[in-house]
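In what follows, structures are represented as C-alpha cells.
In the two complexes below, chain A is the common chain; its partner is chain B in one and chain C in the other.
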Partner chain A sequence: MRKILSPRVRGYRQDFLKIAQVYPVPYLTGGSESSCVVFNLDTMEAPPVTMMPVTGGTINMMEYLLQGSVLDHSLESLIHRLRGLCDNMEPETFLDHEMVFLLKGQQASPFVLRARRSMDRAGAPWHLRYLGQPEMGDKNRHALVRNCVDIATSENLTDFLMEMGFRMDHEFVAKGHLFRKGIMKIMVYKIFRILVPGNTDSTEALSLSYLVELSVVAPAGQDVVSDDMKNFAEQLKPLVHLEKIDPKRLM
Partner chain B sequence: MGVTCVSQMPVAEGKSVQQTVELLTRKLEMLGAEKQGTFCVDCETYHTAASTLGSQGQTGKLMYVMHNSEYPLSCFALFENGPCLIADTNFDVLMVKLKGFFQSAKASKIETRGTRYQYCDFLVKVGTVTMGPSARGISVEVEYGPCVVASDCWSLLLEFLQSFLGSHTPGAPAVFGNRHDAVYGPADTMVQYMELFNKIRKQQQAAAFME
Partner chain C sequence: MSGVRAVRISIESACEKQVHEVGLDGTETYLPPLSMSQNLARLAQRIDFSQGSGSEEEEAAGTEGDAQDWPGAGSSADQDDEEGVVKFQPSLWPWDSVRNNLRSALTEMCVLYDVLSIVRDKKFMTLDPVSQDALPPKQNPQTLQLISKKKSLAGAAQILLKGAERLTKSVTENQENKLQRDFNSELLRLRQHWKLRKVGDKILGDLSYRSAGSLFPHHGTFEVIKNTDLDLDKKIPEDYCPLDVQIPSDLEGSAYIKVSIQKQAPDIGDLGTVNLFKRPLPKSKPGSPHWQTKLEAAQNVLLCKEIFAQLSREAVQIKSQIPHIVVKNQIISQPFPNLQLSISLCHSSNDKKSQKSTTEKQCPEDHLYVLEHNLHLLIREFHKQTLSSIMMPHPASAPFGHKRMRLSGPQAFDKNEINSLQSSEGLLEKIIKQAKHIFLRSRAAATIDSLASRIEDPQIQAHWSNINDVYESSVKVLITSQGYEQICKSIQLQLNIGVEQIRVVHRDGRVITLSYQEQELQDFLLSQFVMDLKVAARLWFSFLVTNVKTFQKVMFYKITNGVIFVGHSKKFSGIKWKVETLFIKWSCLCLHLALVYYDFFQMFPKEVSRNFDMKCLQINYKYKEEITCKGVLFLKTIIRKCLFSTLKLSLYK
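Entry: the complex of A and B
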C-alpha cells in the first residue's frame, strides 16, 4: 500500500510541505509547488541514515506578513477577486482551534508557542509554531519579517507542552477561506472567542470583520519576496488595504 | 510498525563488545536472515534550567529527544512516565531556540548503531550502544511486522528471540504491561530504547563508582 502526502494547502499546513524537505525555492521559478512525497511502505528497505545531527546547520525560515481587514458585508467581493487572482483550485475553507502557550522564565519576556489543530479535518496533524521578534531592519521593507519554526506533531501536543512547563495563555477559533498564489498564502478568516475554556462549541465572533493575511514562509535573506507581496497587495486595493502592522505598536 | 521488543544483550565472558556483536550477527546469518542496511537510534537529554524551576515549585524533569533512522523525518520527545510526542525534524530547531529554558545535560548523548537484518516477517537490529567514543553495551531490537497488538504475538516473538538469544532472552517489555490490547506504535519502541539507554547509563555510573 503506497501512501501519498497530499500537497493540499490548509491553514498553516502549507508549511507541511517541509516534511518533504522541499524548501520554497520554486519561488524563483515562479511555479507552484505541486510536489508530492511518496513513501514506499511495501518493502522493508532501510531508510537513509543521517550521519549529522540537525542542531546548528538548518536553514532559518522567515515569515513575511502583511495584514488588513474587511467588514463582513465586503467579504463576498473580496473572495470573488481573490478567486480570480489566485491559483486555480477548489475553494478551500478551514476551521481551526488555536491555543497560545507561554513558558515563563527568568527572562522578562516569556517564550510563546502556538498550537493549532484542525476542527474540520479528522486525522490532520497538530501544528506547533514558534514566531520570533519582528526584524527591525530596513524601513523600506514592505512586509513584517520574523523568524518562524513550524512543526507538525502528534495529538498529545497540549499534554506534552504542559509537561514541559508551558501554560495556556489564551485560545480562539479561526474560521475562513484559504487561497494561494505561488508560495504566497492568503487567508481571510474570522476570529471567534471561546466562552467556556476548552469548549469549542460555544464561541462568539470577536468583531464584525474578517482578518486578511498575506504571508510567505521563505529562507532568510530573500527580501525580493516582500516586493512581490506588495505588488499582489496593490491588486487587492481598494477592497482591502494590506500593510505591515508591527504587533508591538498595538500593545 | 509492528510489535517490537528492545532488549540488552550482555557482553560475552572474556570477549569485547564488538566480538559479541559479531557472534550474534553470525548466528542470525546462519538462521537465514538477510542484511538490509544500517540503523541508528540516538537520544539526547535535556533538563529544565534552574531559572524556570522557581516559578513552578517542582523538581527539574528530564526530557529525552530521540531520533530513529526507521523514521527519518520524525523526532520523538519524551518524559519518563510521561507523554511521548512525535514531531517532525523541525523540533530540533525548536530545541535550539529553547536553549535558555532547557539545557542539554553534558555528555549525555547516547546512541546505538548497527546492522538491520530481515528474516521473513521479522526485522532484527543489533546495535552497539555508544556514549561518546566508547562502546557501552549491545542493543537488540526485534520487530514482528504483521501484528500491531502485543498480546496477540508476544509468544511468537519470544520463541524467535529464544532461537538466537538463547538464555539471554528478555521478559515481556514494560510497555506491553497494562495495555495488552492497545495498538502498538513507534512511540512505544522509543520508550523501550529510553529505558535501555538509562539502564546502560546507570551501569556505566556504577562501574565508574567502583573503580
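Entry: the complex of A and C
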C-alpha cells in the first residue's frame, strides 16, 4: 500500500502539499494526534527546505513546563507523595529512547526535532515533537511556556529524517515513572547516556539524580493552567523544588 | 646617720583612762583603771538576783566562784571591812549585796529543807491536796482536746485542700487536653475518609471527583474548622464534635436527578417548573459523624451538577432530529411522538423556607429511579475511562489520549474506523435509549395484560425473562385454550423488545419486526389469537357430526354491526359454514361455539362430515366497531336456547 505523507509536520507544509497532490491523502479527523506521517522513500526527490510556519489549521498548542530534580535516595518518598497527590491509578513506568535531530540551515540557529520511541511497549507509535522557543512573556507566569507540536509516526521515522537532511545530534534513554493529575503530567525519570551509538543496551546513568518534570499541553492563552501547576508544585515542597528553568541560561 | 633605723612602733590600748579631774592648768588627772578584783566587784554589784533562775544561777555560780576565789580577799576584806562596815556606809563594799542575797537564799533553803524533812516523817505535818472543782479541771482538758483536735484537723484539711486543688487543676487540664486530643483524633478519622491538606494555617479538603477521573471544573474544596464554642461549665451535648466542616455554599443541601416520562405536555409554557419534592436524605450509618453525612451530601450535589452539566452540554451540541430543549434545570426530549422525557436537577437547600414549600406537592410516581441510578453509573464509567491506563502515553512525551487514537495516524485509519473508536454516544443519548426501552417494555406488558384481561378464551400467557439488558428485554408469549393446551402448542412467540422495535420470533421460524406503535402489537397478538382459533376450529371440524336431525334448524342472525352468520343446511351431512365476514372479536365466540359443539358431539360420538371448508373462516378487518356485551350475550342465549330446545341437555356446567 502506498504510504502517504501528511501535511501537518511543522515547517514542511508546502512540500508535503506538493506530494499530497500526487497521492490522495486519506481523510483525517481530530487534532494533531491523528496526523499521519508515514514515508514513501522510493520516488521522492529531496525538496527544497523551507521553514515557514504552519498558519491556520490546527490549534496552537503550548507546553507549560516546570522542572526540578531529586537525588536517588529521595526517590521513594517522592514517589509515595506523588501517588497520594495524583490521580488514583496503577503506577506506570516507562522506558523511552529519545533521539534529537538537528537541521542546520542558512540561519544561525538549527531546527530541532525530537524523536522518541517506547522501548517497553511494543506496538506503540513513535513520537515526533517540535518545541519552540520559550515565550518571554510576563514574569508573573510561573511556568515555562513554549510552542509545541506533537505527532505520532510510524517506525521508519529516523530514515525519513535522515533523508530530509536532519542529522542526529544526541540520543539518550529515559527510564522512570509517569503520573497524571487531571491534565497535568508528572514524569520522574533518570537519563542514561548511550555509550555505543545505536545500541540501547549499553547505557550508563548520567547523574545520581532523577529529573522531575511537570508539564501540561494546552491551547494557547490559558494562563490559569500555570497557576494550577504552581499550586501543585507547592505541595511537593520540600521534597522537590519545581521551577521555571530557562534552557538558554544553561547553555 | 647612715642607715634608716627601724622605727619603733609602740602600741597602746585604746582604752583611755577616765578623767577624774581637770586641773586649772589643764592637766588631767586620770582615774586609775580598775584592777581585776575591782572589776569583779563592779560586775557582781550589777547582778540582779530577782531575775530568772538560769541567769541567776549562772551569775550566782560565777559570782560564787569568784567570791570563793577571793575568799581570802573577800573574807579578809570582810574582816577588814566588817569593822569598816560598822563604820563605813554599806554601799562602798560591792560584795555586800551578793552576801545578803546569798544569806537570804541560804535561810530559805534551810527552812525548806526543814519543812520537807518534817513532812516526810508525816508525824507532825502532812501534805494535803487542795480540793478543786471537778469541772474546771475537766473542762480544761476537753477544750484543750477540742482546740488541739481543731488544730490538727485544720492542718489535715489544709493538706487535703491542697491535694484537691491540685487534682481539680489536673482534671481540668485533662479535660482540655481531652478536647484537644479529640480534635486530633477526629481529624485523623476525617483524614481516613477524605483528602486533606494544610495551606498556611487552614486545613482544606477536597470533595470533588477529580482524583477519580472527573474533569468538572468545580474546585470542591471544604474547610475544616475547630469547634471551640464549648462551655465547659455546661453539660457537653451528646452530638458534640470538636471538628466542623464548612462546605462551599453552592453545594449545600441535597440534590438528585429526576427522570420522568410523561405524555406530551400540551402547553410549552409549563416548562421549567419542575415539582421538586424533597427526598428524605439517605440514611447514613448510625456511627458516622455529622461531618461525614454533610460531606457526602455535598459530594452528591456536586455529582448531580456534573451529570446535569454534561447532559445539557450534549443536549445543546449534539444534533438530533427532534432538538432537545434545555430550560433552567430541566432537559426535555421526545423519544417517541406524544411522549416526553424530562430530566431535571432538583437541588433543595436546607433552608426552612424551602422545606415548607416543597412539602406541598409530592408526586414521586413518575420518577424513574432506574434511570437516575444509571445516570450515576454512566458518569462514573466516564470517570474511570479517563483514568484507565489506555490513556497514558507511551512514549512518555506524547499527550494523553486513547492508545488506539494515537495509532490512527501511523496506521492511516479512515473516518469510519476513527468514528468507531470514539465513543459516539454521549450520556444523553444513552439515557434516552434506555428510557425508550423502558417505555416500550412497559407498554408491551400493558398491552399483553389488557388483552389477557379482556379476552377470556383463549388465554394468553407471558413469561418475562428476569435477566435483561438495558437496551433489550424478552418475553415468551403463549396463546392457549383451556383444556386444549395440547392442541394449541404451536402458538409460541418470543418477543424481543428493543429500543425502538419489537422483534417477534415465531415457533415455526418466522421473524417479524414490529415498530413501537402500540396498535401494531395489539393487532399482531389478536391475529395470533385467530390463528389459535383456526387451529382449534380445524380440529373440531375434523370430527364427524353424527346426529343430523338435531341441526335441522340452524339459526342465522344479522346483527346491526355487520356480522352475518350465513349458515344453512337442510341435511346435516356436511355442515358448510360459510362465514362471510367475521370480526376478530367474534372469532372467540366462534371458537367457543365450535368447542361447545365438539363437547356435545364427543358425548355422542357420531359421524361428522369432513366437508368443512377452511376458506370460509375468513377474517375481515373491515369492521372494527366494538360489539357490545349485550349483543354477545344475546347471541349466546339464542344459541343455547336452540341447543337446549333440541337436546334438553345442559352444556354449561
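By our rule, the second predicted complex is superposed on the first by the 196 of 251 C-alpha atoms of A that agree within 3 Å, B and C clash if a C-alpha of one lies under 4 Å from a C-alpha of the other, contacts with A are read in each partner's own complex, and residues count from 1 in each chain.
The criterion applied here is as follows: a residue touches a chain if its C-beta (ideal position, glycine included) is under 8 Å from a C-beta of that chain, and two chains touch if they have at least 3 such contacts.
Here the structure is a predicted model, which means the values were calculated and not measured.
Which partner does A:G165 contact after superposing on A: first (chain B), second (chain C), both, neither?
The first partner, chain B, only.
With both complexes superposed on chain A, which partner does A:P238 reach: first (chain B), second (chain C), both or neither?
Neither: A:P238 stays clear of chain B and chain C.
Looking at the overlay, does A:G198 come into contact with chain B only (first), chain C only (second), both, or neither?
neither
So in the superposed three-chain picture, is A:G137 touching just chain B, just chain C, both, or none of them (first/second/both/neither)?
A:G137: touches no partner chain.
With both structures superposed, pick whichever of chain B and chain C touches the larger number of chain A residues.
More residues of chain A are touched by C.
When the two structures are overlaid on chain A, which partner does A:T153 contact: first (chain B), second (chain C), both, or neither?
both
With both complexes superposed on chain A, which partner does A:Q107 reach: first (chain B), second (chain C), both or neither?
First partner only, chain B.
Does any part of chain A touch chain B in one structure and chain C in the other, and if so which residues?
Common interface on chain A, chain B vs chain C: 150-154.
Contact residues on chain B for chain A in the complex?
Touching chain A from chain B are residues 36-40, 42, 48-49, 51-52, 54-56, 61, 63, 67, 69-73, 77, 79, 82-98, 100-102, 116, 118, 123, 145, 187.
What does chain A use to touch chain B in their complex?
So the residues of chain A in touch with chain B come to 18-19, 21, 44-50, 53-56, 58, 103-107, 111, 128, 130, 132, 149-154, 156-157, 159-160, 163-165.
Name, in rising order, each residue of chain C that touches chain A in their complex.
Result: residues 197, 210-213, 215, 387-389, 392-401, 403, 405-415, 418 of chain C touch chain A.
Over in the complex, which chain A residues touch chain C? Could you list them?
3-4, 6, 26-30, 33-38, 86-90, 92, 94, 96, 98, 114, 116-118, 120-121, 123-127, 129, 150-154, 174, 176, 178, 180-183, 185, 187, 189, 217, 235
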